[in-house]
Amino acid sequence: MALSIGVDVGGTKIAAGVVDDDGAVLKTIRRDSPATSQQAIIETIISVASSLKADFPEAETVGIGAAGFVSSDRSTIAHGTNLDWTGLDLGEAISQGVGLPVVVENDANAFGWAEVRFGAARGKANALIVAIGTGLGGAIVVDGRLVRGAAGFAAEIGHINVVPDGRPCGCGQRGCLERYSAGTALGVNGWELARFRPDYAARIIELSGGDSNSISGKAVTAAAREGDPAALECYAQLTHWLAIGLADLCAVLDPEVIVIAGGLAEAGDILLEPTREAFTRFLTAGRARPAIPIVLAEGGQAAGLVGAADLARQA
Amino acid sequence: MALSIGVDVGGTKIAAGVVDDDGAVLKTIRRDSPATSQQAIIETIISVASSLKADFPEAETVGIGAAGFVSSDRSTIAHGTNLDWTGLDLGEAISQGVGLPVVVENDANAFGWAEVRFGAARGKANALIVAIGTGLGGAIVVDGRLVRGAAGFAAEIGHINVVPDGRPCGCGQRGCLERYSAGTALGVNGWELARFRPDYAARIIELSGGDSNSISGKAVTAAAREGDPAALECYAQLTHWLAIGLADLCAVLDPEVIVIAGGLAEAGDILLEPTREAFTRFLTAGRARPAIPIVLAEGGQAAGLVGAADLARQA
Amino acid sequence: MALSIGVDVGGTKIAAGVVDDDGAVLKTIRRDSPATSQQAIIETIISVASSLKADFPEAETVGIGAAGFVSSDRSTIAHGTNLDWTGLDLGEAISQGVGLPVVVENDANAFGWAEVRFGAARGKANALIVAIGTGLGGAIVVDGRLVRGAAGFAAEIGHINVVPDGRPCGCGQRGCLERYSAGTALGVNGWELARFRPDYAARIIELSGGDSNSISGKAVTAAAREGDPAALECYAQLTHWLAIGLADLCAVLDPEVIVIAGGLAEAGDILLEPTREAFTRFLTAGRARPAIPIVLAEGGQAAGLVGAADLARQA
Amino acid sequence: MALSIGVDVGGTKIAAGVVDDDGAVLKTIRRDSPATSQQAIIETIISVASSLKADFPEAETVGIGAAGFVSSDRSTIAHGTNLDWTGLDLGEAISQGVGLPVVVENDANAFGWAEVRFGAARGKANALIVAIGTGLGGAIVVDGRLVRGAAGFAAEIGHINVVPDGRPCGCGQRGCLERYSAGTALGVNGWELARFRPDYAARIIELSGGDSNSISGKAVTAAAREGDPAALECYAQLTHWLAIGLADLCAVLDPEVIVIAGGLAEAGDILLEPTREAFTRFLTAGRARPAIPIVLAEGGQAAGLVGAADLARQA
């Protein structure tokens, strides 16, 4: 049994754990992420990984899941997103500090890999994992391997265009899938109704503490659970575009399964049922091909570090 | 030097050839495709392959490129498109007739593979090959391997949605990329202008033999070469959507290069220049990543059989 | 009882008649339109009007309905459309030839006026008449008076934009209502299906004589009458945009009634029912205001000359 | 010289004045609007009108401009919008209290009428006045008369559809012109950029007091005046749709002039220049017809009461 240390570097938390080859987590350490300083984050990662290595000296590798685009050396950050890590050889820095070989992976890829190895896409050689939270990202597995792209920029599935000349996106484009189907989109859908049709959106506003300038996706979900028509309209919009985006991805990739993860996955059937219905309508050649199920992720909170650990072990 | 026989089964022609491991074609046979009968096509394939085998007894494999979705056994047709071959074990049938191992591949994949091995994407591990003819299809290479999908339905890049509720497509959906960026789309763009703005489209109509009901993409291209504004508008429409589609595919796949093939590629810079310009504008994270060149295919008419032969040799 | 002579100058026919103040036509003359020559048309109009005047010497006025934009003097053609009459003082030419005062009116206005005076909008001070044929035009009556606009260019209702950057229009714009809701749009909808989904559109093609390049609106209507799904989809598209266009016009004009005329009106409920359903959904403030019925025109073939005659009498 | 009393009933202020037949205001009274009570507003109107009548006993009529749809009797509120006045005979109530004949008019109509009689559309028989503030409303003058529609619901120009399935509108529809071209739309455009592209929208956020949840149209305008690219993009969006809406209205109405009023008019050339440029591109038959100038309103703050007074005098 080979042990591997996985580290999930998030915007607010750093989670590390020792993972066995069945994906079981033997020990976990969580720390706040010292977001202001690159050096402080590196030191925190070294500290937690070294501590775990001390407890489990048989651990042979370290896998790190981090936001940003990772170069094909699986060590250097090609382009940082939340953190200004562009050009940093993160793997080398951690490896020197911990004394173990290190593999760096994009965090969505790490998360998605855990689903393919131990979760909802277990045993599937071709899978699409979609994480819907503040943004919309994902991981693509083709023939049992993660698709990273030539420069580590693959699987940016939140940035396929779905609405010509639509809502502005952080990436500089307009009409990206993320702007219509991420959790923030749910809030925007709700905010638009609250702003211009306050009577209709009354329940959403109420569940947002009465402030129509602060509509959150969570309030919309809560109202949708009660059957509120305005909230369900927000979901109908979101799932319409999500289904089109998933159908686009299936036209390109033809996976065996689509796994939905991230904060919005907690909405469950409110999200899944209209998505499935619309996806079936929009999938090209849908009658000729095997059905592609859309299911919830199973990995939970630790999936990021589990996937990173497993990728390091397999490197 | 290992020789392999490649067969490209098209709608009107069957082309077969003996291919060496540098992609050179040592001998070629072309026959009309007896399109009316599945059995007749199989017999023709066996006949030409056997003939080539007789001339080059050292040939060890047969690769067949055929329209349709090919199962992961790389032998059975999962779903025929032009021909009603659904469920046929084409590889087995040909292998029995010729007495060599056979690999069956989707024709666009075979074609694209030739570009990656010997053509414009030579030496690239991650490439996107886009064939723009009557339809719009393609091949995707990730980490040096063709992406076929779980059931052989991958790389249906002509069927990503670009225009919500747009033109109807043969696949049953509306707004597919193929309906806006294939050669037929060029003809439709021209036909719409010829129908409703005949003065403006006068040169296109003239080059179509004076019949505004029979506007072809070729007439539009010829007029565009002369600088005709209506024809250039048809191209501007086509390349706008093509660029959005390519940008979508790069968000998902992050290739090193995009190779444009097919009949429309003959338009050259009339097609490429506005496509490149718009692609640069629409590519997500375009400033952070390496540039992705858009180039013309090099393989020519024999690329389909060369790719099929090479895939069989490597199987 | 005051008699007036009405003349309807169409692209292929000139129809003239003597009309009493109840809108009854006492005598009619029809002639082929000598479309090639402006002078020949003027002479034909003078000939038929003079002949009717000889039979009914008590006729006091001549009203002419003609395609094109008519100046506020109600005599000069501000801008010809089918015929190059721009700048011609048509009223003066006819008045000199016939020896009666002449009023010139846009043909759609003349037609619409007959509906308001004697037809489906009888007794309504505010009405919208929509003629759906090859193109989509209309007449607007506000407070009992035709809306002609400052320069005679009003009521060009076929050229409001409904689809951003949509189908090209003869007017030089894209996405005009006329391109989605005229009879030709029905043919285009059918042609798109016939071209790219021939199996689905088989009945439409069959009713078009088997030629998928010559799909007519009539064939689509005939198929829709049989319940053909592809033809009904063509109608669903057309009525969706028509309803949005009508809702736009009602937001601006608030009529008491909408009268549908023109060749497509013959489709009856196939056209009206989905239009009404969608119009109700799209009408702003629909719950606060009186319902606006959508009804068929009653005037028939002679409505153009009846309206022209009545307008001349009232001048 | 006939004097008339005009009263402009706004959401927060009631302004009344004595107006002569040149549109000069001889005396003005302003009061806060007691918005909570219908009866209190009526009493306030009676009080200010009576006070002015006492000062100018020769005043013969009272004109009232009020939000909402006014019946064709020009006295009863057919449908209240801000206030729940539906069915109220406002004219009768005020007439009894003041002892003068009263005419009630929609406030946008009253405002627009002042422009036609004494302002930027002076002497024009056909004019379109567009008020762009929180919402987008207007007045339409055809042949020298206001267009009120069959039930007083005409000139709801903010509710023509410009974006299919677009932003939700208070009227219950989606994609209304008002949602893309009113002052609030400017704020929404800015908010979307501030939310998803905060770096790009930094100056807009700064001018909004640093709070990206409280982006106002005013902050966007201020940034646009400085040449801020993000703010100019917000204006480019707004003026694109505004121009399409104006082009639609001109296709229907063919006015001699378009007058822009309301809070957004204060942006001046930042608003007007891109609107004019796009309007020229989108106007149907633009080359055949006289140019339609787009100009700023001249009436200023008192235009509402001036127009109401004049309409009453002419009744």
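For clarity, chains are labelled A, B, C and D in written order, and residue numbers in each chain start from 1.
One rule holds in what follows: a residue touches a chain if its C-beta (ideal position, glycine included) is under 8 Å from a C-beta of that chain, and two chains touch if they have at least 3 such contacts.
Protein identities per chain, from UniProt: A, B, C, D = Glucokinase.
If you're wondering where the values come from, they're calculated on a predicted model, not measured in any experiment.
> Pick the pair from C-D, A-B or A-D whose contact list overlaps the B-C contact list by over half.
Most of the B-C contacts reappear at A-D.
> Between A-D and C-D, which chain pair is linked by the larger number of C-beta contacts?
C-D
> On a C-alpha centroid basis, what's the spacing between chain B (Glucokinase) and chain D (Glucokinase), in Å?
Centre-to-centre distance between chain B (Glucokinase) and chain D (Glucokinase): 57 Å.
> With centres defined as the mean C-alpha position, give me the chain C (Glucokinase)-chain D (Glucokinase) separation in Å.
About 33 Å separates the centre of chain C (Glucokinase) from that of chain D (Glucokinase).
> Provide the C-alpha centroid distance between chain A (Glucokinase) and chain D (Glucokinase), rounded to the nearest whole angstrom.
A distance of 47 Å separates the two centres.
> When you check chain A (Glucokinase) against every other chain, which residues touch at least two of them?
164, 169, 172, in rising order.
> Give every residue of chain A (Glucokinase) touching chain B (Glucokinase) within the complex, in rising order.
Per the stated touch rule, the residues are 69, 78-79, 86, 124-126, 140, 142-143, 145, 147-157, 159-164, 169, 171-173, 176, 244, 247-256, 282, 284-290.
> Help me check something: in the complex, which residues belonging to chain C (Glucokinase) touch chain B (Glucokinase)?
Against chain B (Glucokinase), the touching part of chain C (Glucokinase) is residues 167-170, 172, 179, 184, 188, 192-193, 195-197, 200, 213-214.
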